[in-house]
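Each chain gets a letter, A, B, C and D, in the order it is written, and its residues are counted from 1.
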Amino acid sequence: MKKLINSPENVVEEMIEGYVKAHPSHVRRLAENDRALVTAKETAEGKVGILIGGGSGHEPAFMGYVGDGMADGVAVGNIFASPPPAPILEVTKAVNKGAGVLYLYGNYAGDVMNFGMASDLADMEDIQVEMVLASDDVASAPKAEKEKRRGIAGEFFVYKTAGAAADFGYNLEDVANIAKKTNENTRSMGVGLSPCSLPQTGEPSFELGENEMEVGLGHHGEPGLRKAPIDTADNVADELLNSILLDIELNEGDDVAVLVNGLGSTPRMELYIMFRRVEQVLKEKGINIYRSYVGDYITSLEMGGASITLTKLDDEMKKMIDHPVDCPMFVQK
Amino acid sequence: MNFTAKELINYFKQVVEVMENEKNYLCELDRKLGDGDHGVTMSIGWQAVNKKLTNELENETDCGKISSEVGMTFLNAVGSSVGPLYATGLIKGAKVVKGKSVLNDSDLAEFWIAFANGIKERGKAEVGDKTIVDTLAPAAKTLEENFAESGDFLSAFNEAVKSGEEGMKSTTDLISRLGRSSRLGERSKGAQDPGATSAYMMLSTFLTVVKMRSE
Amino acid sequence: MKKLINSPENVVEEMIEGYVKAHPSHVRRLAENDRALVTAKETAEGKVGILIGGGSGHEPAFMGYVGDGMADGVAVGNIFASPPPAPILEVTKAVNKGAGVLYLYGNYAGDVMNFGMASDLADMEDIQVEMVLASDDVASAPKAEKEKRRGIAGEFFVYKTAGAAADFGYNLEDVANIAKKTNENTRSMGVGLSPCSLPQTGEPSFELGENEMEVGLGHHGEPGLRKAPIDTADNVADELLNSILLDIELNEGDDVAVLVNGLGSTPRMELYIMFRRVEQVLKEKGINIYRSYVGDYITSLEMGGASITLTKLDDEMKKMIDHPVDCPMFVQK
Amino acid sequence: MNFTAKELINYFKQVVEVMENEKNYLCELDRKLGDGDHGVTMSIGWQAVNKKLTNELENETDCGKISSEVGMTFLNAVGSSVGPLYATGLIKGAKVVKGKSVLNDSDLAEFWIAFANGIKERGKAEVGDKTIVDTLAPAAKTLEENFAESGDFLSAFNEAVKSGEEGMKSTTDLISRLGRSSRLGERSKGAQDPGATSAYMMLSTFLTVVKMRSE
C-alpha cells in the first residue's frame, strides 16, 4: 500500500511532531519523554488525572483524545504496540494533581504489562494509580470470560465518561468506578473488509478473498470469529447487533449511546447506512438512542470495515456522555 | 569457561543482526496469529540496543550493567508485549551476574535460568499457552538438570537449545491461550508462535557464540 | 472495492436516513424534498441564510456542515453529481429569514447550472439570492484564469467564514463579500494515491501504477497535472506548497489558516506527517499559522491522497475562523 | 409523417433501454475524462423517467407535456451537468410542440432544433469545446438545412444523425474547454466525450424509431 511518509522508522515521531505543531494550544510534549503528551491547558489542582494510551495507528485514538473533558495525557506507543513504562510514568507525574491518576487502556497483553510496570513505578513515587481496562469486544471471548476480551471502539465511551467524572470533581475511586461501570455496560463488535499494512513491512495485515469479510475482526487486524462472504450493510449490522444484544441485557425503555466506528478507509456514507439499520432495530425493540456517534473514532491505519458499539446508560452516565469535550480530534458541545 | 563482558556485548550485537535478518519472517508469523509486527518490534528494539552497545556500553565491563541496560533500552524502544518480557528476563539475568566482568560456567547457567524464569513470571504464561515460554521453560529446565549433573555449561546449553527448539516447534499445534492470538481459538493451530521463535533465536545465537570461542 | 451497502441505487437515500436519525437535534429533512436538509435549530429572523450543497460522496462535505456557525441548509446530490434545482429551492425557502440566502458551492459545470436555475426560481418567489463559487484548486487552471478553477478542500474555509459572518448579523452583501474574500485568499492543491469507486460501477475512478501518484488530482478523481513516481511526504508537501506559494502572495508576518485534508482512506498519521512539513516550510518563511485543521474535511469516498490548503487571513477573517461551530460532523469551540 | 404522443412515449422508453445498455460504456468514457459517472447519471435519470412514463404519463396525449415532464423528471432525478442540459433541451422542445397530440414533419424538425439550441444556450458551449454540443450543433444545422430544402423530416433527420455522429467522433481529438475534462488540457485528447456520445444515442434512437414506423 502506498503511504505519504518519509521513512517507516520515523512515522510515529513525525506524526507526533506534526500533531503538537498543529494544536499548540491543546497539547504539548513533555521534555522528559518524546512519547509523553499532555494537555496544554492548566488542569485544576485536586482533579483526578486521566491517562490514556496504547499503540499508534489508531488515530484519533489515543493521542487525539487529550483535552478538556477527556484525557489529561497520553503515552504513545509504536504502531500497534503498547508504549513502554517510561512515557507512561512521565505522563503520570505530569497529570497528577494530588488526587491520583486513572489509567485507561485496552485489554492487551502488552498494555497490561507496560501499564502495570508503570503503575509500580508511580507507586514508588507515591502517586496513587488506578487502572481500568476496556474489554468490549464480544467477538474476542465468550461472555463467561469477559475479562479476557480485548478493547476496541467501546474504549471511547470509557474515556468519555471517566473524563467527565474527573471534570465533575469525583475522587479517584469514583472516577474509576464510572469507568468500570461504562466498560461493564459496553459491547462492541466489528467486521473487516480490507487489511491495513504496517509502514515497515508494507504487507497486508490479513488476507481476505475478493468477496470475503472477517466477522469479529480485532482492531489490529487480529483474525475474528470467521470469514464469510460479504453481505449487505443491513445483514452485517444485524449480525453485529445480534451478537451484542445476546451479550447484554437491554429492555424496552432502556437508553443507549451508539457508536458506529469506521476502521480507517470506510466512507462515512457506509457508516451512516450501517447506523440507519442499527436505529431501525433498536427502535423496533423500544430501546432509546440517547446519543449517536458515527465516524472514525478508533481506527487501524487504512483498514476497511466498521464496528458497532452500544453502551447502556443510567442517569449518571448520561450526564457524563453529555459533558462537553474539547480535544484536537474530537469536540463535543 | 571465562565469558567476558566484551563477549557479552558481542553476543548482543549478534542478536541485533539475527533479528534484523529474521524481521520479515517474524512478521509473517505474527500476521498469522497476531498483528503482524513482531519482527518490526524486535528490529526496533535491537536497533536501539545496538546504538547503546556501540556508545554508552562500548567499554562497560559489568555484565550485570550490560544486561540490564540492554533490557531497559529494548523496553523503552518497543513497549509492546515483548518489551516487558525480554526486559524482565534480561534484568533478572543481570541481577545474578551483577558486578561481574567475567562469567564462569555456573554464572552463565544461572543467567539463562533467571532470564527464562523472569519472563515466565512477568507474562504469567504456562507451557502450552503458545508463547515465548514454550521455548524458554523447557530450555531452562534442561539447562538446569544437565548443568547440575555435568557442571559443563556448553554441553548443557547445547541440550537446552535442543529442548527450546522442540518447544518452539510444539507451538505450531497448540491453541493459543495468551496474548492477541488467544482470541483465535482453533484457528490459532497450524502456525508457529512468533515470540517462541524469537526466543529460540536468542538462545541459539548464544550457543553459536559460545561454540565459536570453544573451537 | 468492497462496500458496506445494501444496494448501489439506494446509498444516498439510506445515508441521509441514517444521518438524520443519528443527529435529530441537529438536522432535519424537509417534507417538501428528500434531498433537502436544514438545521433542526430555529435560526434567527433577519439572519442571512447559508445554503451549501453538491454531490454526495464527499462526506463530511456537504451535509455534515449544517449547524450553528456554518450552513443553515444543504441540498444533497447523487454521488459526485450536483443536486437538481428542486431541493436547492426548497432549502432556500426554508432558510430564508427575510435577509436573503447565500449559495456556496464549488465551481463545477453541473453545480453552476443547477444552482443557477434554483436561484432563478428563488427570484420568482422574491427571495434574494447571492452565489459564491469556491475555486481554490491551483492545479485546475492557470492563475490568469482563476475563475475557471474548481473548488476542492478550500471550500471548507469559505463555509467557515461566511457561516460566522451570517451569525454576526452581516447582511447578504457583506456575507457574500466575506465568502468572496475567503475564496480569493484561498489556495489548495492535492495529490492522489489510490482511486475510489462509484457504488454503481465498482470500477476504480482512475488508474495509477503501483508506485505512481497523480499530482493535482481533483476531488472526484479528475486527472491532475501529471502522474509521477510516489515520493516522500516531505517532497510531496513541498511540491503542493510551492505551487500554492507561487500562486498567492504571502509575506513574512502574514497569518494563514492551514488545512491538510485527507481524501478518504489516508490515515491521520500521514496527514500529520504532511502537516509537519507544511509547518516547517511556513516557519522558515516567517508565515504564521493562525489555526490548523488536519483530517478528513472533504473526501472522495475511499480515495487515497491528501490536499493542502492555505487561506491568508486578515483580522476580520480571523474573527470568523475563530467563531464556534456545532455541526454533526464538525465542532469547533 | 404523423408522429403521435404514444409514439413519443415509446421513443423515450427506447431511450431508457439504450441508456441502461450503454451505462458501463458511458461510465468508461467519463472515467477517462471526468468523474466516471455519466452512464450512472443517465441510467438514474432515465429510470426515473421510465416510472413517470408508465404511470402519470401513460395516457398523456400532449406531446409538449410529455417532453417537459420527461425533462423535469430527468432533471430532478440527476442534477449533475447533464440534468439541466437535457432538461432544458426537452423543455425548449416541448414549447414548440405544446398542446399537440400529433406531430407532423415540421413539428419534429422544430422540436429537435429547439432541443439542440436549448442545450447550447444552457451550457454556453461552442462547437469544439468537447461537449454534447459537438454532436447536437452540427446535427441541428444539417436538420435545419436539409429540412428547409426537402421538407422531409425522415431524410433530413437521417442526414442530421450522420452529422451528429461525425461531431461525436470529432470530440476524440479535441482538447476539452468546458466541464470537468477542461482541466486535463492536452491529456483530454484521445478520448471521446461521454456527453457527446449520449447525445448521439438520443438522436440515433429517434432515428431508429421513425425509420421502423416508415417501413
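What we mean here is this: a residue touches a chain if its C-beta (ideal position, glycine included) is under 8 Å from a C-beta of that chain, and two chains touch if they have at least 3 such contacts.
Because the structure is predicted, anything quoted here is derived from the model rather than measured.
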What is the set of chains touching both subunit B and subunit D? none
Average the CA atoms of each chain to get its centre, and name the chain whose centre is farthest from that of subunit C. B
So what's the Cα centroid distance for subunit B and subunit C, whole Å? 54
Chain centres from averaged Cα atoms put subunit A and subunit B apart, in whole Å, by 32
Overlap residues in subunit B, where contacts from two or more other chains coincide: none
By the touch definition above, subunit A meets two or more other chains at residues none
Help me check something: in the complex, which residues belonging to subunit A touch subunit C? 1-7, 11, 14-19, 21-23, 56-57, 59-60, 64, 191, 193-194, 211, 213, 230, 232-234, 236, 258, 264-276, 279, 292, 294-296, 299, 301-302, 304-306, 324, 326, 329, 331-333
Footprint of subunit C on subunit D - complex, ascending: 24, 27-28, 31, 34-37, 39-41, 43-44, 75-85, 122-123, 178-184, 187
Going by the contact rule at the top, pick out the subunit A residues touching subunit B in the complex. 9, 55, 77-86, 108-110, 113-114, 116-117, 139-141, 148, 150, 198, 200-201, 203, 205-206, 218, 220-223
